[in-house]
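Listed after this line are the structures, all set down as structure tokens.
After this come two complexes, each holding subunit A, first together with subunit B and then together with subunit C.
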Partner chain A sequence: MEEGLLHAVQGFMYPNEVELQWSILIVLYPFTTGLVAGAFILASLERVFNVQAVKPTYRLALLSALAFLLVAPLPLQLHLGHPERSLEMYLTPHTSSAMAMFGFIYLWYLMGVLVLEIWLDYRKDMVLLARSETGWKKTLYRVLTLGVDNISEESLRIDDKLGRFITIVGIPSAFLLHGYVGFIFGSVKANPWWSTPVMPIVFLFSAIVSGIALVLLMYMLVCFLKGISIDMPCVDTIARYLMYAFLIDFSLEMLDLIHRIYEADESFKSLDFMAHTQLYTSQIIVQIIFGTIVPISMLAFIQVVKLSEAARKGIYVLAGLLTLMGIFAMRWNVVIGGQLFSKSFLGYTTYKMAFATKEGLLPAILLMILPFGILWVLVKVLPPFEEEKAAV
Partner chain B sequence: MSSDRRDFVLTAGKLLVLTAPAAAYLEAVETGKAEEPAYKMAEHYWGMIVDVDKCIGCGNCVRACKTENDVPVEPYFFRTWVERYHVAEGAEHPDVDSPDGGYSGFPEKYAAGDGAKSFFVPKLCNQCAHSPCTQVCPVGATFESPDGAVLVDKSYCLGCRYCVQACPYGCRFIDPRTKTVDKCNLCYHRITKGLTTACCESCPTGARQLVDLKDPKDPVHDFLRDHKIQVLKPQLATGAKVYYNGLDGSVR
Partner chain C sequence: MNRFLKDKEHLVRMAALFAVGVVLFLILKAVLVPKGFGVYGHYRAGALADNRVRAPRFAGRSACIECHTDERDAWKGGKHAGVGCEACHGALAKHAEDPSASNAFKPDPKTICFTCHLTNAAKPRKFPQIDPKNHFDGGACNGCHSPHAPDKEPKK
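The block that comes next holds the complex of A and B.
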């Protein structure tokens, strides 16, 4: 709290607006939940729509979704002034609050959909592992099976049927999960940068894009680390889906942009100025050019020109990384961008990110590494690949 | 031994039977049930009138508010503040400033007779009847009281800052000491005792006046009838209850 805050102000801001409310931690929140929703939707493709080509990534996608979903509430928790009161959101929720209702959607998605689906899918493996392993591992798998060790044909058929049902319920749930995150921002009428009915849909499609890119990269990385050969039809298919989802996402965002420019309401000049100054690098350069147009072009190029396997792999890695960067920038531009201008439309401020503070860059980096650690443990405990299962 | 047990059961039983009426009696005594509360929420509906032309930008209200309500002194925490508008003819935007929220008044900045109009606009929580800030609170820690004041329960606030984002007027801030939200509550501790707010009390020109819209004798009714009144950002339909007289269209 130093006078320095005031120096960041250009023009006029309401005095209470000088201090930025939501930091990089709140940027992580829609980013991580987006990865979850996207990864799950990709996994559902195989299960519900029977896209056999993406089957090798099915379990990895589910485990990635779980790893990121477990981390998603942590930045929020860290950001609260009184984290010890956060349980009140569940105990005494205010039903008109989008944030309070999100807590229930999160819990439903975690326990009602994701954990249940993973458990059903892995039950047979866990029972077999509980039989073959010894010592603490045996105990672990026995606990994980919850004592349900019937793996008769009939029982597994029920598992599969149930799993399929949960996936069908899970798709709208995943849509809800991230669409709702968009609503948390899109429903704030005080903030014209956020307040738009397309926000939930834009969030949803960008979530699908980021989730697909994540699974694509994770699959290639895990194959590389384990020395398994990459299933090319699988990654080719995923990359194609990535391009389709990206095209829809980009069209929606451009629709929103064109609409704003054409309508040019009272907030437009202020927002337009911001997009050309404070947000120019993160919005125009990072998000739109390098985070969207370049990866879409790369993926489209592959559809038209036949390239070698090695070249395709290289392009997929690069396009995947650029995509994740672009989607992260999109979250940044929404959350941070929405706070850089005054609601008086007469002034601007800048966001100075701290490093080793409670809401600084360091905890943000640690929170982004954490899901990969969780995923590493999950992959160890619940091997996602067929080859490994055969070896057990 | 057995008689001891018998005694114990009997005594405990008697006590148990007596507990309910005893508790009810104690509660009646403690809450003073017999006494009527001096302040009846249902009989009031609070708001404020701000007469823009009367404000001289002295900053008395800002200082009084900070003192009365223990608002942090830093220049970005205000329950009320004053803005200076300078609107030149044909200018696209008004020139607005609020040095330290008007806490120390306004240093001379514009030359007299520069062809522009200049005026001061006191700002505070608009005590909206359909407040977007209370709508988003995840736990209901901030709420519209039946008497029209928008209040905050600091012992319940999570400090999530969603309400700060949702207020279109920039009236909320996070108190760095309590890490909970704070805003103008119309000096609730004063108005429920029949006093006016600290800002109204200290205003030398009567530019701000606390009003009770449910009190038929309150001069507010005549005032609202006799003047062209506007609220801030009416397009957002927040049901603001701070009524401005003489508000220029350039005010945001």
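The block that comes next holds the complex of A and C.
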């Protein structure tokens, strides 16, 4: 045990508990997969339930989901001493390993759902671009279309039908993707902070919340950058969904909390102490007050009072940012909070975040910038907005 | 190609691409997964044989005391009777086999004791533990305690 860490400990800690093994990178993992699942579910609403209002964000949501999904496994890889060995979970999967099975869920969701759905939706655009572009761009789009130049009405009808089917399969897949991340934590029976059967559902709804907030912000940002005027009915609708999803998410979390308080099992005193000390700022202030109650109130306020467009936009941006911060804090409190107390319930440690190390703040920041870079490329290659999107 | 298939050609190609992916994966799997994997359990069966041919690095306390009778007599009745020789001296199979070919390691009596006796709240309370800061100014432990048969109350 490192002597230097000992002053960070209060009370009794087992030697292997003093230093946190799961760092900020492991916080990013549920955060990014949550954004993916949430963005996809929002996109699916338009497709499956024909919510026309959110249509302008459909493609952007899919591309955002893809950008974040590509980044989602990277924090896990960085956490490993031998990242290349992670691929062995595909070669010799162990069915009793929750993480190994996640590899397959991830791959299924990436290839079987997201890439296919984007490909089908963009096929017409890609064919048209392959026809109009020149040089290497032409080759790129040729390759992306797999060399098929056919955009006959019948072929597009088939694409649409298949795309719809994939979306229908995709919704439970997205639920699975993020519910499973919750399961990975919820199934750790040795850790009372994590071990609860509602964990997958709480993760899922918080994922939906964060994904919707992300798409809302991305849409407004892209419109701003491209100088397109924001479709107000669209953002109004998204903001309403955000509020509903948030209300469900908050109720679930409160349900879990009330249940814990009433049950008050042997771990309760210890966890309660933590919520009043180490986790007070990140849990009570950042997550619950500024990350949940404030944005919900802002969104609810808009439903009741008629405000000008500019005021609504401002509120959406602020509420969206607060929401993302709140959900990030929620992941933080789960992952980091779950490692701050001793399994003896007699002591506590602290998390010292490093900066420019393999698992420090710097790689975490870079990993959070990376998806925006990927998204930027994706938006360049596959423009999400165009004059006439075939009225399908 | 008939009209029916014509409008689905891109899907056929995509399906073919996926099929190629799956086949590639299966080939990789066949190449990369070592032979004998999973025969006995979730590991490479050959690992057992590989381990078996490696010579043991520990000789065991019964081997040591065949030659080192002085240490045996001290150690047998003492408080360290439950501690194997190689817990302090390290793995010495080579030495036990041919003492002239391989010298044995003599642990530093100033530090070796702390691997077990340093105060730590996680250890059972009954286990003898000392804090070097207030245990006889941190002199070499064997000045007072014999490493092989430590007394609880040594002569000072």
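By our rule, the second predicted complex is superposed on the first by the 385 of 392 C-alpha atoms of A that agree within 3 Å, B and C clash if a C-alpha of one lies under 4 Å from a C-alpha of the other, contacts with A are read in each partner's own complex, and residues count from 1 in each chain.
Simple rule for what comes next: a contact is a pair of C-beta atoms (placed from the backbone, for glycine too) under 8 Å apart; a residue touches a chain by one contact, two chains touch by 3 or more.
Owing to the predicted nature of the structure, the values given are computational and were not obtained by experimental measurement.
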Fit or clash - subunit C, subunit B, common subunit A: clash
Touched partner set for A:Phe345, first subunit B, second subunit C, both or neither: first
Contacts of A:Asn150 with subunit B and subunit C, given as first, second, both or neither: second
Partner chain(s) touched by A:Glu19 [first = subunit B, second = subunit C, both, neither]: first
Winner by number of subunit A residues touched, once subunit B and subunit C are compared: B
Which superposed partner A:Gly103 touches (first subunit B, second subunit C, both, neither): first
Contacts of A:His94 with subunit B and subunit C, given as first, second, both or neither: both
First (subunit B), second (subunit C), both or neither touched by A:Gly360: neither
Partner chain in contact with A:Arg123 - subunit B first, subunit C second, else both or neither: second
Partner chain in contact with A:Leu80 - subunit B first, subunit C second, else both or neither: first
Superposition clash, subunit C against subunit B - the stretch among 44-52, 98-106 or 116-124 that is involved: 116-124
Subunit A residues contacted in one complex by subunit B, in the other by subunit C: 12, 14-15, 92, 94
In the complex, subunit C residues that touch subunit A: 6-11, 13-14, 17-18, 21, 25, 28-29, 32-33, 37-38, 42, 120-122
Touching residues on subunit A, where the partner in the complex is subunit B: 1, 3, 5-6, 12-19, 21-22, 76, 79-83, 85-86, 88-89, 92-94, 96-100, 103, 188-191, 338-339, 342-346
In the complex, subunit A residues that touch subunit C: 12, 14-15, 90-92, 94, 111, 116, 119, 123, 145-148, 150, 152, 154-155, 158, 162
Subunit A-facing residues of subunit B, complex: 74-78, 81, 83, 93-94, 96-98, 100-101, 123, 132, 135-140, 156-162, 164-174, 176, 178-180, 236, 252
